[in-house]
Amino acid sequence: MVNTDYRISDIMTCAIANMLRDGETVFHGVSSHLPMVAMMLAKSLHAPDLVHLNIPGGVNPGSIHKSSYSSAGSDLLASAESYFPLEQVFDLSMRGKLDVAFLGGIQFDIDGNINASVIGDYHKPKVRLPGGAGSAVLIPTAKKAIIWRTKHDKRTFVENVDFVTTRGNLWRIVTPLCVFEFRNGKLHLESIHPNSSLDEVRENTGFELLYDEIKYTEPPSKQELTMLKKIDPHDYRSIEF
Amino acid sequence: MKKVVSLKEAIGIINDGDMVSFGGNVLHRAPMAAVREIARQHKRNLRIVKTAGAQDVDLLCAMDCVQSVDAGFISYETKYGLAAHYRKGVQEGRIKGNEHACYTVICALRGAAMNVPFMPVKGLNAGDLLLKNDYFVVVEDPFGGEPVTLVKSLMPDVAVIHVQECDIKGNSIIHGPKFEDILISRAAKKVIVTTEQIVPESKTRLNAERVDIPGFLVNAVVHVPNGAAPAACYRKYEVDDQSLSAFIAMKTKEEIQEYLKGYETKDYVGERMAGRIW
Amino acid sequence: MKKVVSLKEAIGIINDGDMVSFGGNVLHRAPMAAVREIARQHKRNLRIVKTAGAQDVDLLCAMDCVQSVDAGFISYETKYGLAAHYRKGVQEGRIKGNEHACYTVICALRGAAMNVPFMPVKGLNAGDLLLKNDYFVVVEDPFGGEPVTLVKSLMPDVAVIHVQECDIKGNSIIHGPKFEDILISRAAKKVIVTTEQIVPESKTRLNAERVDIPGFLVNAVVHVPNGAAPAACYRKYEVDDQSLSAFIAMKTKEEIQEYLKGYETKDYVGERMAGRIW
Amino acid sequence: MVNTDYRISDIMTCAIANMLRDGETVFHGVSSHLPMVAMMLAKSLHAPDLVHLNIPGGVNPGSIHKSSYSSAGSDLLASAESYFPLEQVFDLSMRGKLDVAFLGGIQFDIDGNINASVIGDYHKPKVRLPGGAGSAVLIPTAKKAIIWRTKHDKRTFVENVDFVTTRGNLWRIVTPLCVFEFRNGKLHLESIHPNSSLDEVRENTGFELLYDEIKYTEPPSKQELTMLKKIDPHDYRSIEF
C-alpha cells in the first residue's frame, strides 16, 4: 500500500491543507514550515480566500520560497497584501475571529492537556522547553486549534503531561502516523495515515486509543503533489524531519 | 542633548538589575551588537522581557548577565535548534524562567505603555501557567461578567531596538515587520536605538508619517551597520549562518568571549560617527 | 463575498439600537455620506461612540436617530460653534450624554479590541465623572499597588470609516492623520468603509505595509467621492464652509431633510461602481 | 498705559509662550489656536527643542499657516517631523512624560475645580457643554496643566462650579485680564496683564483674590510681536475673541 511517490511530510501537509476551509482566517507561528506550506496548498487549491496570518504580519504572502530558515521572516511581509502583525492576530483571536491556529507542543495526553513548558517541576525544571508561545491564549480562543508534531512516540503522547501549558479546545493533532480529533473532552483516533497501521499507532501512543471505526487519511492526490512542488520547491515542509 | 553616541556610551545607560526589552523576533532584527556590548560590559541581574527571543537571550544567559526572562518562547528556529545556555541557566536555577504566552508579554507591555499596574487578558483561562506564576491573577469582573485574568504590567527600564534608518534626533524608521518594537519603545522608560544608517533629518521629515519611533522618546542613537547580525535585517542582510552555527556549537564562556571579541571591530565601526560634530 | 456595495446596502448592515463608532475627528474625515444615509434610513436608538465628534453626531441627534453618545467632546471648532442638536437632545432628556475623557473612550475601545470587559485607566482619579457614571469603577490593585480606575469596554457593533483609498477586498489606506480609525476598525464587530477612490489590488499590494485596515476585517466597501464632505479630507478637499454654515443655521427636521436630499446625487454617485462586475 | 501696538490676544499668547521651557513635550487639542500659536512662538524664540504634540499627530509641525478653522487638522501632520497621534499622547501623559498640556473649561473655582461638562444636574443638564475632552485625564497626569480662557467674568470664575469635570494639579490659568497660579490647593493671582487692573480682575472674579504681591504680566516684546506676525500672519490667535 505504500506509495513511494510521497513522503510522510507530504501526507501531513495535505491532511492539514484539507482541514482548512475557504475564507477562514488562519495563523501559524515560528518554526512552523509544515503548516505554512499546508496553508499555501489549501489557498492554491480549494481555499483561495483563506486569510494567511503570521508573526511578521504579512497577510496572504504571495510566495514562501524565501522562508528557508524561518517561518516568521520578513519575506512573508515583502510579498503580502497588507500588514497585520502578531499583536493584532492575538487580539483577533481574543475577539473570536481567528478560525484556525497552528500550534506545537512536546507532550500530550488523552484529556487534551498540552505541555510546551517544562519536563519536571516548573520552578526547578529537569528540562526547560522553549515555551508554549501563543498556545496558552490561542488554544482557548481560536475556533479550531490544530497541533502538528513530527514525532509520534510514547514520550510525546503520554499518560499524564508533566505540566499543563494549556488544555481543552484543541481540534486536531496531526502526527507522522495519524490524526487525532479532540471531542467530548478526549483525544480520539480520527484517521491513520496510509503509511502506518493501527498497531503502529498503538505501540507509539502512551494512552488508550479511542475510536469508533478505523479510517485512513486520504493519501495526497496527484494534483496536490504537483502543486506542492510548485509552491514549496525547496521542500521546507520536510525541515522538521 | 547630543543623542548620537558610541555603542559603549549607549549601553552605559543600562544598570545592573534593569528590566531590559529587546526589539526584533527570534532570528530577525534583534539588536545583537547592543546585546554583545551588554555582555562585554558584564551587566548583571538583567531582567529580560521579549515575546520570542533567540541568540539575544541565549548569549546573555551564557555570560551570566541575566536574572530572569519573561517570554513566551525562547529558542532558535527549527534549523538551529534550542537555546542551550538559557535552558541550562533555568535548569540549574541560576535564571528564573517566567513563562508567558507571547500575548501576555504584549499585554504586560501595553500595561506599561499606559502606566497601569495590570492588563486584563482574554484567553488565558486554563492550565498551570495561571497557577504557578504570581504575575497572573484571576479576579471578579466588577461590571458583572465572567471572571477575568489579569497580567501584571512589565515596565522595562530600557528598550534596545535595531532599525534600518534613524536621524540624529532619534526619529527611527523600521522597514518590514515591526514585531513588538513600537510597543516596547513606548513601554520602556529609556530607549536605545542602534541603526544601520544615520539619515539626514530632511529624509525622515519627508517620511514623517512612517516614523515608527519619534525622536523625543529616544535617549541614545548608535550607528552600527550590521548591528542585528548574525540575525537577519530586512532589506540589508540575511541570517549569518556561519556565525550563528558557530555560536550554537560553543559550550564555554571563554569560547563566547572570543566570539564577542571577534565582533568588536564591526560593532565599534560607528564610533567615528559618534565623535563627529553634527 | 462581494464587498463593494451601494451606500444603501452598506448602511443596511446597521440595525436599530446598534452601537456605532465613526472614524475621523471633529471636522476631519468624518464619514458624512454614511451618516447622512443613516439619517435617510431612519435608524433609531443608535448608541454613538467617538472621542470627539461634530456634525456626524449633531446631525443624527437632530434626526432622532440617537439613544446615547459616549464621547469626550462634541462640538464644532471655534469658528463654527457648538453642536446645538446634540445639546438640545441631552438637555431635553431624549439623548443620554455619557461623558468620557477622550482617553477613556480610547481605553474602552482598546478593551473591545482585546475582548476584555474593562480597561484600567491611569489619570482618571478625581472629579464627578467618576462618581456620576456607572461605566467607571475604582478597584483595589490585586498586585498590591494604588487603587485603579477601570472603564467598561465599549464594543461597537459597527464602525463606519471614510478613507482615501480602498481596493475591492477592503484593504484601506488612510492618508494623513488616522485619528482613532484603526482602533475602531479592530474594536467593532463589523466595518463599513466608504472611500474616495477604489484602487486596484495591485496598488494596495505595492503599499502593503501602509494598509491601515486589512480587507478581511471589512464587511462593506462603498465608493463615495467627497464622502467626508462637508468635513475635510486630507489631500482631497478642505471643509465645505458654505454647507457647514448652512447646516449649523438650521433649526427644524424639515430643513435638515432638505439638506440631506440635496446631498443624494453626490452620495449615491458610487452606485454604478457597486453594480459593476469586478 | 495701554499700548496700541498689541492686543489682549498678543498678551495672552506671549504670556503662555514664556511659560514654556526648552525641551518640554507640550500638547494642545482641538479649538486651541491661541496655545498653538504660543507653542510656535516659544519654539521660534527661546525653546527650539520644545516638542509640539497635537491631535492629528504631527510632531513639531513646520508651520501653522493653514490651520484656519481647526487646530486638529491634517496640516499639522503634513509639515511634521514624525507621527505621534492623540492615543499615544495620552499614554505619554499617563507615563508622566507629558510636560505641558493646554486645556479649556467653562467654570473654575478657587479650589481648582474645573467644569467643562454641564450647567445644572449631570443627568438632566440645563446646559450640556461640549465636554472636557482630555482634561479629566491630562490635568491629573501632565506635569504642568495650563488652562486658557478668553472670557474672564463672574460666570466663569465662580464660587462653586456646577460640576467637577476634574480638579487639582492645574498649574496656570491665563485669561484676558490676568494669570492665576494654582498652589497649595488654591488659585492665586500671579500677575495682572498690563491692560487690566486689580479692580477689574476683582470685579470680574466670583471668588476672593489671593496674592502675596501685585505683579504685572510682562508685555509682549518687539521681538515677540515681530515673530508673531511671521508665524501667525492670519492672526489665528485672535479667533476666539
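A, B, C and D label the chains in the order they appear, each numbered from 1.
Criterion: a residue touches a chain if its C-beta (ideal position, glycine included) is under 8 Å from a C-beta of that chain, and two chains touch if they have at least 3 such contacts.
Remember, it's a predicted structure, so these values are computed and weren't measured experimentally.
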item: Given subunit A and subunit C, the chains that contact each of them; value: B
item: From subunit A, the most remote chain by mean C-alpha position; value: D
item: B-D against A-B, pair bridged by the larger set of C-beta contacts; value: A-B
item: Length of the line joining the C-alpha centres of subunit B and subunit C, rounded to whole Å; value: 37
item: Geometric centre distance via CA averages, subunit D-subunit B, whole Å; value: 39
item: Centroid spacing, where centroids are CA-atom means, of subunit A and subunit D in whole angstrom; value: 58
item: Euclidean distance of C-alpha centroids - subunit A vs subunit B, Å; value: 28
item: Junction residues of subunit B, two or more chains touched; value: 114-116, 121-122, 176, 209-210
item: Two or more partner chains touched - positions in subunit A; value: 58, 77, 94
item: Chain-level touch network, classified as line, ring, star, complete or other; value: other
item: Interchain contacts (touch definition) - all pairs; value: A-B, A-C, B-C, B-D, C-D
item: Residues of subunit D defined as touching subunit B within the complex; value: 23, 25, 49, 51, 58-59, 62, 77, 80-84, 88, 91-92, 94-96
item: Touch list for subunit B against partner subunit C, complex; value: 107, 110-111, 114-122, 137, 139, 141-143, 145-146, 148, 150, 152, 176, 209-210
item: Footprint of subunit D on subunit B - complex, ascending; value: 1, 113-116, 169, 171, 186, 201, 204-205, 208-211, 214-216
item: Interface residues, subunit D side, partner subunit C - complex; value: 30-31, 33, 55-58, 68-74, 77-78, 85-87, 90, 93-94, 113, 117, 122-128, 130-138, 140-141, 163-168, 239-240
item: Footprint of subunit D on subunit C - complex, ascending; value: 25-28, 51-52, 71-75, 77-80, 82-83, 86-87, 90-91, 93, 97, 99-104, 106, 121-129, 132, 176-180, 183, 232, 234-235, 239, 241
